[in-house]
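In what follows, structures are represented as structure tokens.
Consider the two complexes below, in which chain A is the common component and chain B and chain C are the respective partners.
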Partner chain A sequence: RSPELLFYVDTTEQLFGQCVLLSESKTDGSFLIHHFLSFFLKAQCKVCFLGLVQSFSHYSTVAREKGQLVFFEGLRNSLDMLLPESDASDAEPQPLSFLRWPSTDLRNLFDFVNSSLSQSENDMSRWASPVLLIDDLSVLLSLGVNPTAVLDFIHYCRMAVCSKQQGNMVTLVHNEDDLGDEDCDLVLHALTHQSSLILQVHGLNTGYCRDVHGQIQLRWKDKFQLKRDHTHVFQYKVHDKGVSFFAPGTSSAVL
Partner chain B sequence: MAIPVQSMTGISNARLNVEMNTTSFQKKSRSKLLSIPGTRPSFQNGQLLVSTGTTSLDYVIGGGLAVGTLLLIEEDVFDSYSHMLLKYFLAEGIVCSHSFLIASAGEHPDDILQGLPAPVLDDVPKDEIGKINQRRENDVSEESQDSMKIAWRYQNQPKVQTVLAASSRFGHYYDASKQMSAETFESAEYYPFYLPAEVHLKYSVSSNIHIGYIKLLRFIQGVIHKEGFDRACPQSKTRNILRIGIHSLGSVLWGDDICCKDDPLYAYSLTKFLYGLRGLLRTSLSVCMVTVPSHLIQNKAIMGRVTNLCDTVIGIKSFNGSEKDANDLYKDYHGLVCVKKIPYLNSLICELPDTRDLAFKLKRKQFTIERLHLPPDLSDTVSRLNKQDLAESSKLLRMGCGAAATGKKHLDF
Partner chain C sequence: MLSEVITGSEGGEGFVLIKDCVQCGGRGLLKSFIKAALLRNETVHVFEFEISQEEMYSGLTDGTSSSLVFHNGYTDPLNWISNEKPFDFSIQSIKSQIDQSKDKESEAKNVILVLDSLSWLLHHIPITDVCQLLQEPKRKESTVKRIIALMHSELHDQGIVGSVSHMANTVVTLSPIPEFTTVNWEVDPYAIGETVQRKKSGKVNREEECYTVQKDFSLIIHHDLHNRKQAIPKPDNTAQVDPAANLTFNLRLSEEERHAKERLSLPFTFSEKNQKMDWESIVGS
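After this line comes the complex of A and B, so read on.
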């Protein structure tokens, strides 16, 4: 019987004020983003989603209630910054202002996140804890942001979302190990230290395979270091309507 | 399968589902099909696809190139075959009467236009009915031309397509030895961008991205907005696709220095440009093919970031000039094709090919991409030493492709 990913991740008591890291290498881990998005929306949480790499229609959601999902479409907003219409700076600070003025940090982006997730009184009664979802953090590094600025941004978000409001944060980082991208390695290592749940998605070491799309490693870190971390390793195959997980070597193509 | 069409950012597919128990699939029955000549919907995720001009490349990337996405071709060393692919892409645009934009810093776009291959005008490609044709010719020579005994299904097909109307067929064949006649592309909507000829910008831009890329991005944005590809004013024109072909992006001719330095000054220019381009593509009815001389880029991390920002990435490695040229095993082929990335659009899965060991050969009328099949070594000099040498050389040649095994162990468990 194939173990279910949900069993290890989805107990809502455990996901409370946690920082989750998704790291993908040599494969595509977007099925995890889809999973967490629909999971948190179903759990009636208010979600702020920074979708920096895909357009909104890519993430088909189950959100039907107004105001539950705040989606920031990075691609659309970037053009105003890359190709400004006039020389004058805008009156209102833009979230992606670092594209236009490279020396600034990600302060405006953080302000956007903070304002969308700070809950008013009637918000508190409607939604459960807030959630910040980021897809994908390594794009910020590709756009020339300093890795220190990225780590500062994550730190501020963590304080605002996880500590103050007991919400959760899920971040996706894409890193190819053998390319020597030092900035990305730095960010990934720092986040690995800070996160309590780490899901690493890897392409198979032996190359590409049609039946086994990759390997996923789940790591639950114990906050107080009382016992050892729980680690689980599965291989997976992505289907039309879901993902199936199985112990390494037990793919249906092999058995 | 009904194809729902709402926005141009992508065809939202209600089939996506992560929970394993229930499905949120809703078949949308009363929806309008986007019918633009030269496109067809994907069977897998409902995206609108266009042909890249090379039918075997279409097959390798999952049926075709989705509208709104970016295809990156990593050039081969002499830029011979990647240039060919770009020309096929543009020629396909002319044949399907799409609008197209050529951007180049080295060769003038008009010269590229003159050098496009001529389409093969027969309605049915010769490969498919080769034998039937021969039999048909033998029979028909005595009888009248009107009745066909064996290939009777083809009776009503026109023998030769004389008028090149907007072809509704998906994917065509091109004759590499003939050039496209001037009257074929006279009526095409064509937007050239030649970097050395561009005027200065009106105001300065301080976003630390190279000026050549800014000009190109602004030009593309202008064309998309002016000609209505972004659906800003829906009543203006009938819908059409804009094909954008950019030659040798990132090379020194564009002013970028990622191809000459390990620690370039403009390290993020190309990635910022690609991000802006991706934004433009996602919000308009356009499709883009870019060739990049990746073998010249010193810093591998930059190429990794570039790959991450493109939707589909194909690497071409030709055997020209390498010592493998003389190798008997590869004599049938002109080079290797490596599929580095295929997009996941509006769906959890993507169309994955059976294998990633592909090789190509360029014949006069066809650019074929086939599974790399090495025949058994039956020569007289076969020996263990020989085999090891071949294995090493094949591994080295594929090293650049990156899909090969990276780990030392040969088992995953």
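After this line comes the complex of A and C, so read on.
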């Protein structure tokens, strides 16, 4: 079975209500975000994308229909928050309000996600289940948000998207377990407990390689915690137009 | 020992703590406890913060049992959604909700309190309040006979994990099956549970068992974990080929050959015969 198919899940049943965790360690895992973005757009899902680290143009090459993708451009919005042009912006709750008042929660950000993905009658006939993509969650911790507030935000997203609407959610976090960053570790462990599919992306221990960019471990968890996790390991190479996956040691450069 | 703790045959009172880890979740085991309590017709109050009601009920009950009281702390515990009923998870509120099902005829304690998860509560209420709640089975006036709580060990300081464990009568700590265990099981094992039980007499019992929770939430204990620990079997050794056979050269010298070799004087060595290097024989004429 080709590795790409494994990503795309076996049956349509598995396409619903999945909470997917992408963790990147010593490498850039955002190619997976691109991968999932095009996959879900092709599958006719309505997508809410919290792009907190890249501008929209970075992703805009992906084909989509009008109204299918709600892109929240964190970089531009944060600037508007920190340097407001007028006081009128205070009237409406802002998704990134925590930037000005760091001790508060991420409720406004959740409200933005919830309203973007609540399906009206029209939407329900037009789009398949809703999808939330977050790139990436660790930046919220870097901005000073309390890890419990981050976890509460994820809790509500998972409740609203995965449980209530049987949609899917894909979250990217950094995994720097050798740094001893307790906040990062807490968020990573909590999400590992809650997620149904975990993709861990590692750079190769031997360093940079032209033909093999890294290794990825897929971990499928049993929904009811009655069976042990299923794991698969692949290596990958990122191309201009996508990614290729292959079993370890079978890179086309080697064979 | 784990089976006896689940069936409550050891008095069944007090606080049972299930500590899981990222490799093996404890919710299956928690539901096994709930199922056993429902089969004994005990009143079970589940305070759920991590999964939806449908997920919790799945396989456990069809929702018609009056013995199972579900408190939904998952949908909107923090009151972020305006048209949902707010959920008060303060300790006073939890206690008053439990007291409502007090058995008015007898003074007997009859409530099993299930917390899924204790980790969520510890992140949202002060630990002192949580500890107060965990003491409920010890209070005479309380209706709570037993508390069963699920805790995710990696999400807390070791100090907090230690304090909470210390308050428990029974602690079940889960760890993953070791890699080298072979796979000849009739039923695939799930995890290893180490049960530590502290009795009123002060005696401490400890047992490590390999278990699986089935789809109907009954428990299977795999008794021969240690026997099944085998090293990875060596591949079958095919008939050893003698590498010294069929050589085109001699590996060993016979006695005569050895003497002949020792007698041979080499052209580039000094000896009585060759007072100087014999270049011609080295280079060739």
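The criterion applied here is as follows: the second predicted complex is superposed on the first by the 228 of 255 C-alpha atoms of A that agree within 3 Å, B and C clash if a C-alpha of one lies under 4 Å from a C-alpha of the other, contacts with A are read in each partner's own complex, and residues count from 1 in each chain.
Keep this in mind: a residue touches a chain if its C-beta (ideal position, glycine included) is under 8 Å from a C-beta of that chain, and two chains touch if they have at least 3 such contacts.
Predicted model only: the values in this text are computed from it and were never measured.
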Room on chain A for both chain B and chain C (clash or fit): fit
Partner contacting more residues of chain A (chain B vs chain C): B
Partner chain in contact with A:W101 - chain B first, chain C second, else both or neither: first
Partner chain(s) touched by A:A253 [first = chain B, second = chain C, both, neither]: neither
Contacts of A:Y156 with chain B and chain C, given as first, second, both or neither: second
Chain B versus chain C as contact partner of A:D181, first or second or both or neither: first
Shortest span in Å between Cα atoms of chain B and of chain C, once chain A is used as the common reference: 17
Residue ranges of chain A in contact with chain C within the complex: 105, 107, 110-111, 114, 148, 151-152, 156, 159, 163, 185-186, 189-190, 192-194, 221, 223-229
Of all residues in chain C, those that touch chain A in their complex: 20, 22-28, 31, 50-52, 54-55, 58-59, 74-76, 78, 80-81, 123-124, 152, 154-155, 176-177, 188-191, 212-215
Residue ranges of chain A touching chain B (in the complex, touch as defined): 4, 26, 28, 30-31, 34-35, 38-39, 53-58, 60, 62, 74-76, 78-79, 81-84, 86-87, 99-102, 138-139, 141-144, 174, 176, 178-184, 204-208, 210, 212, 215, 235, 238-243, 248-249
Sites on chain B touched by chain A in the complex: 6-7, 9-20, 23-24, 68, 203-209, 214, 217-218, 221, 267-268, 271-272, 275-276, 278-280, 282-283, 300-301, 303-305, 308-309, 344-350, 352, 354-356, 403-407, 409-413
